[in-house]
Amino acid sequence: MSLLSVRDLTVKFAMRDQTVTALNGISFDLAKGERLGIVGESGAGKSITGFSLMNLLSRPGYIDSGQIEFEGEDVVKMSDKRLRNLRGNRMAMIFQDPMVTLNPVLTIGQQMVETLLAHRKLSREEARQIAIVKLREVYIPSPEERLEQYPHELSGGMRQRIIIAIALLLDPQLIIADEPTTALDVTIQADIMELMLELCQSNQVGLILITHDLGVVSQMTERTLVMYAGRIIEAGRTREIINDPQHPYTQGLINALPQQTVPGQRLKQIPGNMPGLASIPQGCAFNPRCKYATDLCRSRVPDIVQYGEVAVACHEVQRLHSDEDLKEIRA
Amino acid sequence: MSTEMLSPKSDPSRWAKAWNSNMGYSFRRNPVAVVSMIIFLLIAGAAFLAPVIAPYDPYDPAQMDIMNSEYPPAWVSGSLPEFVLGTDDQGRDLWSTILYGTRLSLLIGICAVALQAFLGISIGLLAGYVGGRLDSLLMRLADIQLSFSTLMVAIIFLAVTQAMFGSDTFNRYAVVFLIAVIGVAEWPQYARTVRATVLAEKKKEYVDSARVLGFGPMRIMVRHILPNSLSPIFVISTVQVANAIISEASLSFLGLGMPPSQPSLGSLISSGFDYIFSGSWWITAIPGVVLVVLVLVINLLGDWMRDVLNPKLYKG
Amino acid sequence: MFAYLAKRVIQAIAVMFVISLIAFAIQGNLGDRLRELVGQSVSEEVRQQLRDELGLNDSFVTQYLRFAGNALQGDLGTSYFFKEPALDVILKKLPATLELVFGATLIIIGFSVPLGVYTAIKPDSIISRIIMGLSIIGISIPVFLTAILMIFVFSVEYGWFPSYGRGDTVQVWGYWQTNFATADGWMHIILPSFALASIMLPLFVRLIRAEMMEVLQSEYVKYAKAKGINPWRIYFVHALKNTLLPVITVGGVQIGTMVAYTILTETVFQWPGMGFMFLEAVNRVDTPLIVAYLIVVGFIFVVTNTIVDLIYGLVNPTVNIARMGA
């Protein structure tokens, strides 16, 4: 049985004058201990997916319909009390920017101990000991001293390690990491990713890694979802998606990677920008930027269907495969 | 569109357009703002037209008769038909006196805020643009100035001035003194906000390009940076006018502002206070209501404006 | 820590110096000390001799140093009206004012925190809307008008509370007579305290609400929710502490305004505090008393502001006190 099973998840935002759809019928599964990457440009709905999984959307966003089954229980229908029991305990989250994630007026120790006490009947001292053990696991030197410090006394990399330690405090089944390294120095990014991979593997923790970095996804995850304008447009094993992308958008993303470019040549960017949520074009949302777009693409939203090793939402995927242009691009 | 792009002033003009449409739209949809605006315009209009509307001239001793003092308003028994809102302790028509008093209160409030804005914006632009030691000195001064409340500074300044020059001279120039003291004491509000905008804008490219094009600092500040501080300045000004009117009323109530011979709303309330125990409540109550309604609608407009423009105001 | 303290103290001394200069200038130019001493029927010769004896012909600097030296020893001159040392006159009136400020502060803190937090947590509830509506009316009514209204309603119409004075007070220590020891004292201080709090309370409710709403949108509050922390702990531990930091700063600034409002409140209620005394001194052109009031009030401002800054530094862990002194 899968750990997490999301079915037809639709999230809307009630703005002043209109309601916009931020997530449109998202479905995917995650097995126990599996690591899944969600990629896409900013605004594609990656982070909203992450927050929805914990039912943590704040106004004006709300889950309109769909199910999020986690360990056999629907997160969407959970009472506030059940939700509190879920959050931080069975499902933990790592936020994007460690500089603003920790509360500036509480010590590291207070913020770790309160998390343990919220979910377990422990004495303060027992909780402190667990916190120290977890800080050691994320290679934080002299953890006893860190507990007494305030966030501003620590570096960004150190803070993100602490946030990872907090995520692991209660041995959750699933960790959702929302762009965990984008706010950090490039030199530290790899360390943090390596640490997360190591800890997820050794503790058999499921991971949903939200990122725009396909390189990171290929190192960290077993399966990948590609999102565009609130929909999943391609899903499958990470290796297949990286090596043999089917959707023109995914192809564009991979072609835009610096590794794919001969030095001295311009990066091959996808022309145009992703549409805003309020102005998603008719039909396939990608059609204005897609050079294969047909009238069908401009009028009907493609369903996501299995095509070879991956699932893809594109009307033209078959034609694409026999297309000469494409072979040229991939060469 | 294309001509707008080409014109060098495209930035502020486009800004103004967006501002107008947004403001207009949210204004029409907000009944509180609309009602407040109508009431404000009514009060301001009536005050402005006081010499035309008012049946009596409260400044003319010939039109006052002490025998007419303390007549109640028309709806209370014992009133005289010619005094709709009754008369005050000196036998003046209360309706006329309130009209003139409101005019004075508004005039002092608006002029004082204009002075505050002028001083604060100039100092803020200077501090933000020049930076360095001058900036830290001016901002430290602003801190200190703010820690002394305006009202306290005004009370002491006016009390000493009054004691020094005597009541007669003081009364003659009371309007000027009030505008000056309320105007000077509150500059830090503007200075801090404008300085923050300048610091934010200074980093932006268009300021650099204007400098490269050889525009002088004055021109850059007034033409390029200032328009970006307009929305916080608007919001501050609205609230400040309300505060200035309250300050003026408080000072006049203490006898440190407008004299009873030339009363503002505050001095009217003050002169009526002595009669409140003898039952002549209207001399205090009616100008009091006018004062509160005036300040309230200005505050409501300020609240609405802050919600719409949502500027980054300097806190603390 | 020491450097930070030293910096604050130096700034406080600089401000006091400026205040003393202003006070000195007022003393020299307001009223005529000779006439107060000997009256008008004295020959010009005797006058000059007296001027010399009093040091009124000395240089400005000498006179200022004498003034400052005396002030440091607690000698702020003798009140013309009371014929007593001006400082003593003020110190006798000080407890009445401080008790009034104390009462108003209790009211402000006691009501503004719960109301501000509640309206921030439930911004759309009807109660919140009513509170916010009342608060904007509250900040639109001048303190003296609230005071008058209270007297009119609760004293004149219903007769529930007395309308003026301190009532029965009990001697505590030195000049300190307290209102809080007798029922009559309590009855007398309730209306003035509420009047004094009346404009500050809605101001603080609005401030706390605005700050709290901003904090509730922050990443660290979202993160606390994601950790499954109890909402009450999020509101009162995670959010409130961050909310109160800017509120403390504004509170420090408002102390000055509060002292100014005591003058208004004391005038309306004829409360025998130093604000009421100051206005009487102005009417009598009692220069030493005016000057002494200025110095005492300036001193109170400077001391409270310095204390508030220090408290802020201690409460806020991100203010590195040691570094700020550098």
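As written, the chain order gives the labels A, B and C, with residue 1 at the start of each chain.
As a working rule, contacts are C-beta pairs under 8 Å (C-beta built on N, C-alpha and C of every residue); 3 or more make two chains touch, one makes a residue touch a chain.
What you see is a predicted model; the values in this text were computed from it and never measured.
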Checklist outcome for this item: Highest contact count belongs to the pair B-C
Checklist outcome for this item: Greatest Cα-centre separation from chain B belongs to chain A
Item to check | Distance from chain C to chain A - Cα centre to Cα centre, in angstrom | outcome: 54
Checklist entry - Distance-wise, how many Å sit between the C-alpha centres of chain B and chain C, to the nearest whole number? => result 24
Checklist entry - What part of chain A is in contact with chain C in the complex they form? => result 54, 56, 58, 83-89, 92-93, 95, 97, 100-107, 114-115, 118-119, 150, 152, 166
Checklist entry - Which chain C residues qualify as touching chain A in the complex? => result 217-220, 222-230, 233, 237-238, 241-242, 245, 315-318
Checklist entry - For chain B, which residues count as touching chain C in their complex? => result 140, 144, 146-152, 155-156, 159-160, 162-164, 242, 246, 249-250, 253-255, 266, 269, 273, 276-277, 281, 284-285, 288, 291-292, 295-296, 299-300, 303, 315-316
Next on the checklist: Touching residues of chain C toward chain B in the complex: what are they?
Outcome noted: 11, 15, 26, 29-31, 136-137, 139-145, 148-149, 151-152, 156, 246, 249-250, 252-254, 256-261, 263-264, 267-268, 278-279, 282, 285, 287, 290, 294, 297, 301, 305
